[in-house]
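Per-chain residue numbering starts at 1, and chain names A, B, C and D are given in the order in which the chains are listed.
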């Protein structure tokens, strides 16, 4: 187990990168602490898999350092870094039985046979494949195979970290629930540093204590699921986390707040204050569909909007409303019933109205 | 990375060993017979093109090449024409006796040419094809077609059937789909198959020699004529040999990028 | 103008891919086939498309039997789960190919291709080749090719599974809009309940080749015919607990006893299955007759906006879907409350006998 | 991918069927026909039943060359398969170096078989051949035209030189077909070089190796031109292999009946052994 630190890391797959566009990862500093359960979340092509492979040593970063417990390991091969990694698609040694597969990493580490046996048993039970132990690996179903590849990663006790690269891609939704739960339990059981790469926010947030959101080659926010949800510090995080994502409106300065079309939004005093001190005119406000309230009565801090569409998702409804020229989404309980075309009064609770300057969140200084 | 270092050394040595005999042939082809028989020299002392000149001036020599070229190319064309649809059938459909048919085809690839010498001789003379290019081309189909079917089937299996379906859904008729959509998708397979057909037809001599006498005689046969006769013209023989290697080199150069895949007969 | 499946079956060496399906799809309708992998979704679509021949039954289009008709002669299009485009043609030519085959005039083709391309936001890519594109763009191309000809039947075979989470959301939304005005029959296969809900239209639940239930999405969702349907169409799966109703009380798994109130009172004594959606279980009582149960936390998963809490006791386990963040440690004891009016009740052979009282408004 | 049952597919294979039938079945029939007759010349043939088969099966000369043949094929496989794998493992995985190696290694395969014979005929000569000369210089008395053992070994060496590349290239392509992920996983699992070979590369080479063995067995079992050119089958009959015995019998001595019977037996042997391999292949394919 180790603390993994990435120092001013950058990587490009092209030999002589011309512009920032050629970089899969640019100027990235990050620390994964001992024993944490982390997720690395981002759209495909944001460089998250690259980062994972750099940590495990399968890829050599073109710039920057990788430190394990403060020691530089750039030059070390994966075997010497003593890292376990689970790939997106199952990799099993199909000439071996499940048992031999799970035992393989231990054998290579010269673990005594007796120890291997118990350890493999243990892991097999956790993954619920103990009945398959003596089947040939090639005769397994896709998700069984994936369990085996996970098992090979989990079976080693001495690893500095376990990396998962979208491990549940090939798994049925129904099973995903169970497996994700398993992983979490395993983490609580053995508390090993785990980094879990995924593009699925639910997977990420249910697995990890803290999530690093990646967006073209950079970590734009690192925080708990709640932080990411309640205070996304970059418009991308707002859009990417939550479904539907945050409502983000382009606005311009105006008396006592900001304005889009004819609608004026009041800001918290501290927000206006900070805004006053900033030059940029790239201003946006964001508010989550979950936080917009629809109030029965009109008042001077409500905004009249027209219902454009109501999406019934069973346990809740997504209401699309038109405020001025802007479309917004509002999440309402399944009881909500206002027909399309009807008027509603929107309420934007001050603490949930986020202000973004140059795409980054304006935060209150303590 | 020391590992790769050793590997490179190893492979280099192997290739050198592999090439020395060829070099020796090349070396001799530029020597005069006197020098050749005069004793061992690692490279031509007095370099000469005479041996090649002989071949390029004497029709009985260079016709040999032309003949070989002729029947080889005919063979390649025929092989591809018949093998493509067949391979498709094998890769996509279950049909009555498919497995047996497949094995029977392959079994012909396994037939010792020697066994067929005489029958072939009689067969083709009886239908008046003896000593023609087409005869040799057809005879070579015996082992080329099965191989071609096998390789192509391997490649075609690699193309998901969804592509066929998509095309049908879009409204392609089978022939149109096959030519316009499918063949382009297995280009490399076709290239590789052509290469193999060429290769096996080009290097084969037993049948080619038996089925020809004068008009269609392959270069190989012409060379063998010189063998055994007193006082072989080593120089010319070597030159002739060198010239037989060149076409092969050209062909493999064209398919070099696909050949690795093809050598696995598309089956891994 | 409708497509009808008449006791359609397909059996391949002993295995039922589709079992005696009877369904009708109306023109202009959006139909979702929901089921786990190998439930028969793909097989059923292939039968509709005419790519496979049924072992039994007929496919009727506008009342006439088209079972034997060749694929080319049916005016359909299909989008696969893996991104299938002509690798040797440009995006433009890919989209144009069905039209070219329909012998359409060059200008008309150009117009349509451009139109469809802009609809799917791939206009700038028209000159590129499919394999140079990202997964999302490839799938958009495939969709464009499917939509450019006005097919009477458009089949989607889990088109979004191989795409990013967010991309799915976007494309799903676009799809709904694209098909609003279209007069074709759209059939969409998926394994995810939430996707079915988001897409709306009619939903057909499939399981092991057979049709479990079919109807307007909300009807199916609100009154699942049996426990299977209930669990198929709920993510996370609906909690189902065995219970016995006596004259005086209801007992869950011989474990927790409760008085009979509201609908429960109307149930005849006997064994039942009680279902409740994860989102309907609360940690604080809303009404005084809520069923209180003491459980232990097995695991709580926080997704920022919501918490999925897995709780259990010696007899059964449940999943709760709670708004907001609820941090609990494994093993912590807590009481959960099941509102009686949200209970689904199924009889001893798992058939629906009672659905929760509809909230005002209800399905739209 | 499951195949669609559809007998119309026969139309697609028909051309192949006809073509191969034409150049395989008709000749085969003729052979069968010969094998049961004694032919003195045009029009003078007598039915002799299984006479020839009996004779052939008891013919000492044939049995000898059959044994020689098996010994040879055995030796060929024993040397070429391991060597081929070794070479394949050494070849660079990709890039220009990769395809360059590929082409260089392939060269011997592109040489007409008689030329191969010629090359070695020269190359192995003690006086004007580099190889023969070198061996003699090394103080070993070597002369393939005189000494039977030397001759046999030379033929073997020639075949190894000629055909190991095929095995190597087959394995090479087999290796290239292994997804990078497997090597990565092995690296992560801290597998030794040997473990990688034993548990990843070898299992995945299985099907290619079967093909290689099959091809090498067949061709070495049917070898004719190269030794004929090199040694003419001599000295004595040390390098006279089945094909050659057969052709001399048929064309040289015009002993058609015996030759035909012999051909059939010959063919059957090849077929039988090949069939074993073939079933193995299809089996391997199924497993995948």
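Here is the rule we go by: contacts are C-beta pairs under 8 Å (C-beta built on N, C-alpha and C of every residue); 3 or more make two chains touch, one makes a residue touch a chain.
Treat the numbers as computed from the prediction; the structure is a model and nothing was measured.
Engineer: Return the chains shared as contacts by subunit B and subunit D, ordered by label.
Structural biologist: none
Engineer: If you average the Cα atoms of subunit C and of subunit D to get two centres, how far apart are those centres in Å?
Structural biologist: A distance of 58 Å separates the two centres.
Engineer: Between subunit A and subunit C, what is the separation of their C-alpha centroids in Å?
Structural biologist: 25
Engineer: What is the distance in Å between the mean C-alpha positions of subunit A and subunit B?
Structural biologist: 56
Engineer: Drawing the touching chains as a network, do you get a line, a ring, a star, a complete graph or other?
Structural biologist: ring
Engineer: Got a list of which chains touch which?
Structural biologist: Here the touching pairs of chains are A-C, A-D, B-C, B-D.
Engineer: Show me the residue ranges of subunit A that touch subunit D in the complex, using the header's touch definition.
Structural biologist: Those in contact with subunit D are residues 56, 58, 77-79, 82-85, 87, 89, 91, 93-96, 104-105, 108-109, 138, 149, 152-153.
Engineer: Using the touch definition from the top, list the residues of subunit D that touch subunit A in their complex.
Structural biologist: Of all residues in subunit D, those touching subunit A are 179, 181-182, 184-185, 187-192, 195, 199-200, 202-203, 287.
Engineer: For subunit A, which residues count as touching subunit C in their complex?
Structural biologist: Contacts found on subunit A: 43-45, 172-174, 177, 180-181, 184-185, 188, 199-202, 205-207, 224-226, 228-230, 239-245, 288, 290, 310-316, 334-337, 339.
Engineer: Which of the residues in subunit C end up touching subunit B in this complex?
Structural biologist: 49, 51, 70-72, 76-78, 80, 82, 84, 86-88, 97-98, 101-102, 145
Engineer: Can you list the residues on subunit B that touch subunit D in the complex?
Structural biologist: Interface residues on subunit B, with respect to subunit D: 3, 7-8, 10-11, 14-15, 18-22, 24-25, 28, 36-37, 39-40, 42, 78, 81-83, 85-86, 88-96, 98-99, 101, 103, 105-120, 122-123, 138-139, 141-142, 145-146, 149, 157, 160-161, 199, 202-206, 219-220, 223-224, 227-228, 234, 237-238, 240-241, 244-245, 248-249, 251-253, 256-257, 259-265, 267-268.
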